[in-house]
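Below are structures written as structure tokens.
Below, chain A partners chain B and then partners chain C, in two separate complexes.
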Partner chain A sequence: MSERERHILLEVEDLHVSFATSRGQLQAVQGVSFTLAQGKTLGIVGESGSGKTVLSRAVMGLLPRASTTQTGSVRYDTQEILNAPNDELRELWSTHIAMVFQDPMTSLNPVQKVGKQIVEPLRVHLKLPKGEAKETALSLLMQVGIPSPVERFDAYPFQLSGGMRQRVMIAIALACAPRLLMADEPTTGLDVTVQAQILDLLSKLQTDRDMAMILVTHDLGVVATRTDEIIVMYAGNVVERAPTNVLFKSLAMPYTEALLNSMPRIGNPSHSRLVAIEGRPPDLLNPPAGCPFSPRCPYAQDKCHKEKPPLVEAAPGHSYACWYPLTTSGQSQPATTAPTDTAGAGAGVGAEEATA
Partner chain B sequence: MTDAALQAPPTPERVSDPLLSVEDLHVTYHKGNAAIQAVAGISFTMRQGETLGLVGESGCGKSTTGRAIVQVEQATSGRIQFNDTEITALNRSDLRTLRTQVQMIFQDPISSLNPRRRVTDIVAEPLTIWKIGNRDERKEAANAMLDRVGIDPYLNGNRRPREFSGGQCQRISIARALVLRPKLLVCDEIVSALDVSVQAQILNLLQDLKAEYNLTVLFIAHDLAVVKNVSDRVAVMYLGRLCEIAPSDVLYEAPAHHYTAALLASAVEPDPEAVRAAVPLPGEPPSPINPPSGCRFRTRCPRAEPRCAEEVPELRELASGHQVACHFPIGS
Partner chain C sequence: MSSVSLTEPTNEAFADIKEELAAEAAADVTKKKLGVFFWICASWIVLVTALAITANLLPLHDPTLGNYNWPQNGGPSWNNWLGTDDLYRDILSRLIYGARISLIVGFGGALLGLVIGGIPAMFSAYRRGRVDTILNTGSYIFLAFPALVAVIAIVSFWKPSNVWKITLIIGVFGAPLIFRIVRAATLSYATRDFVLAAKALGASDSRILAREILPNIMPTIISFFLIAVATIIVLEGTLAFLGLSVSPPTPSWGNMLNEGSQLLVGAKGQTNVWLVIFPATAMFLLLFSLNVIADKLRAYFDVTEIKL
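Up next, the complex of A and B:
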């Protein structure tokens, strides 16, 4: 497959992140592995507390060192960047990896004109002379679709709408032509019509620049038409990973199914009963021994509560962590025919769970 | 809600006897010398037992409309009639009495509960204010209500809001709103801060309670799919005015206003084969301080003509129960 031959830009292997809290170690990310090839888009989907934001910040190297423990490996272009010193990371930030944050109001400097904030990375990282930097900044503002960029260059963030601010954030992130863009909930809080504009803009810029992108979101709708591959996270674990069209057609993990079924759809008639997931995600200070979703899973059996299922690649590119995965008909397989340890060992490649 | 009631189009006699009727409502805020027309002349009615969804983007005036109905916000002009009582002209004590029948649930579930009080007391407070029953009876009523919304009063009644998740706090807010058995419930973005799985729990709970207590619900939200799920009819707002009102299935299948169509085209669906709109709606809504003349949507409308700038399109009936404010509606 040609996709497999593309240059691997980012490789995350068995990443664990935990925070020291007054009640103990909170295990926010528990052994996550994935790779991302140049020019591809990966969607990371999960609810609050699933670890998706912590994962993206760990990859960026933005987590506070003092209170977090990070183990495993994050390689950017074969260079190990997990726990790398800040000046090493600073070489990468902006020119190689850039990030768009969720809240454009608090991520922009409120007392600095937006033009200056776009010029700054150009001056610092690319060492452009003043005039050239300003020209580049204006062209960036134009590229992200800001009307009358010359006037906006001298505007303060509060003078812009939420959608405009997010466009400025994108312009700053793209200023030094990064090869990897992390977008953490880039459209949450924006109106639907603006959301559509921003997502289209990101897709276009990504194609134009052959840039890799990680789209972190809680909304399966956002990633459905704009990603090549999707990772579904639950309670700090990757529970399913598949190419986008495969995931929606033949999902295997009951959590992914539950997440999809609980979303109201525009296509469904009014007053359709939603299938809610009862209960709450587990306490990450004391994660359960078995599958993290087992307490809420309608198909859970004894084994699910006792043993944590490893993430196994069952079909090319499609991995999931479940003892009794769903078949395409949406029914759980009976226990006797479930792919258990033997199947897991056979597939081998994707067994990435750190279960010694 | 029975299926028959859902499918039946609103018959004339039911429309003529609404629980709530809003007529030419204006709400204008003043900021310095500028007048911001948050709501600029909207009219609609709600009949007993129905859920009306109110959708639109931020700044369209949907929340202001809801707040004017519970009289948290004063209407600048226009009439709001609840059960044949004109509520914009009520004195303080009559207004307080009205609020036993009209309740509101807010967006942020945690900050809308008093952080220092125990949840049983929070839910019992409306009863205390109205001196309904004695102390034990009130506690019992509050506990029963908490139990109904899925909070175990014996395990959790003595806890304070910070010990609950967002979804649980929203359940407590619902219990507080319903403990006086109101007739009309105004829900302002009540699920937008919640995760999808929790959102589904709350939406299902609301549907059940609505049937159980024969509630009439004004459901304000920006999420088109959520609004369709809960509503019998849906009203679309843009920049302070109503664009379109129709039974929900009709509105989503055959929108007549170009703004409704654009909103639907921008919505994201969890389906990789969903057809994406070739060009999403360009630009952003203009400022409500100085709205466009004529039709307020004309500056972004793909179908705008000179007439749209000159003449304000009034809401008119296209088909039974389907009203649209557009000179050139889709499909005609």
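Up next, the complex of A and C:
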């Protein structure tokens, strides 16, 4: 693997984020570390409330300062950006780091024409003159695959479909040619066929621009074929981290397995029930003493309930936090199969049973 | 896509909220279904405004100087269309010049309130924190104080009163209410995703407020602004009625009503109905029009809101 040789764009070290609530400190992210090289894609996977959105916003510096405590280190291109003042971040936002938000229905200003919303960052950050900004905006609309961009330029968001809006969001995020794109569940609000289109579009643009990307999702199908490395989060902790191909070949953490098993498969007989993970994520105000997943883990033993497993690197690049891993890295595990492709897999359409 | 045409004029209408707005919006909007009624009300406001502005150029009698050749407290005649008052002055000319005072105090006061109440409100609601708490509590305390009493107290001590002083005082006392309205409207947008998205694109706070939030709260601001204008015109009338507004002989609708009401029953036992009926009608129509316009505009802008 050659990613070690590439220029390291983003380095996150022991990031902790906690929110002050009326019932105490809520530990949303507990010691996350990762690095991301230029042009590479990192997938962050976890269920709702696992801290993945908080993590991505903390990296962006978008969390409200007053009510959160953020410790650790986030370095973009060797520059420390965690807790950096907004003025400093504003220099990076859009031109270096940009974000595509989860819900295209609410992420566009409802009373401004979409063209104007794309032109805005171009005018502000790149100081483009009006005509040039408009030309760039039109070419961006074209790049994200919007038909008749000249007409869409003057449309209001409510005149566009969800997929179109997400395309517009991507065009806005890419307007100033960022080197790092954070995509926070970019396809969650969209239907399945559009999901695949949007993800393909993101990968294509990423390759064209040699841009690094963090793809945050709850859907292992989404990240399976589009990422170089995957972080699996549970209750604010990284529970498994591995290069994508290694993860699906030899996953070690029972939670990752549970996530994979809960995805629908096309080979299953009709009307078979989806496998759900029993129980619910732990209360982050009062995290359990042992492994956070232990109450729901089918393999849990006494030690799991008492002691929290550390994140250990078992094989180069593959780390997990588990006392009793399913496999040791490097062996293949026939019981678990990697989803072959796409958004479709997670959403229940088009997943194909990989031959074990 | 059926609603394409409906949103077209939105941005133009946002362009400014000065008094032309009513006319402009009316012009843009009549093609859609805002109705003739809106048009009529807007025309009345435009007419009053235009007359007030061009009063000097119109062939009017002197509003402050009577002519003893005219009848005293006379009814409408060819020479004095709306009659004359106790001091042989032409009522039409006093009415038109008086509109200046009402309009300046009304629009000026509301605008001033909007500037000193609305702008801090947007920053306060967007940034929150301690400043917001202080300003918010301050506005509550200010509102708990009976504004009319306070205004009367200040006006009676700060003599001689002229139109600018009245505007200033009313504007300052209107600010806390506007602060609350604008703050509440801003709060409901401050945490929306598109605001966060704009922030993530590196937009500064003032840019976010001006470009992302302001256009969204504009419908609220416009309708409240017009209601505020109407309320302030009444307030000026009240002050004038108490003899606390602009000093005579400068005419204002309020002090015309004040003087007229005292002379309603003349020396010979006749009823001088002309002294009050015209200023009262003019004021009623203006307030009515402002309210209608505010209501219609709000409904008009709401259409796009519902569609979203």
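One rule holds for everything that comes next: the second predicted complex is superposed on the first by the 321 of 356 C-alpha atoms of A that agree within 3 Å, B and C clash if a C-alpha of one lies under 4 Å from a C-alpha of the other, contacts with A are read in each partner's own complex, and residues count from 1 in each chain.
Here, a residue touches a chain if its C-beta (ideal position, glycine included) is under 8 Å from a C-beta of that chain, and two chains touch if they have at least 3 such contacts.
All values derive from a computational prediction rather than experimental measurement.
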Problem set entry | Fit-or-clash call for chain B and chain C when the two complexes are aligned on chain A | fit
For this session: Considering only the touch criterion stated at the top, classify A:Leu259 as touching first (chain B), second (chain C), both, or neither.
Result: first
Exercise. Now for A:Ile172: first (chain B), second (chain C), both, or neither, which partner does it touch?
Worked result: second
Exercise. Touching A:Arg90, do we find chain B (first), chain C (second), both, or neither?
Worked result: second
For this session: Check whether A:His7 is in contact with chain B, with chain C, with both or with neither, and answer first, second, both or neither.
Result: neither
For this session: Using the superposition on chain A described above, determine whether A:Phe101 touches chain B (first), chain C (second), both, or neither.
Result: second
For this session: Once the two structures sit on chain A together, report how near the CA atoms of chain B get to those of chain C, whole Å.
Result: 9
For this session: Note which residues of chain A are touching chain B in the complex, please.
Result: 47-48, 147, 161-164, 191-197, 199-200, 218-222, 224-225, 244-245, 248, 258-260, 262-278, 280
Exercise. Contact residues on chain C for chain A in the complex?
Worked result: 1, 3-4, 7, 10-11, 128-129, 192-194, 196-204, 207, 211-212, 215-216, 218, 304-305, 307-308
Problem set entry | Residues on chain A engaged by chain C in the complex (per definition of touch) | 60, 62, 66, 89-95, 98-99, 101-103, 106-113, 120-121, 124-125, 156-159, 169, 172-173
For this session: Name, in rising order, each residue of chain B that touches chain A in their complex.
Result: 1, 6, 57-58, 165, 195-201, 203-204, 207, 222-226, 228-232, 248-249, 252, 262-274, 276-277, 280-284
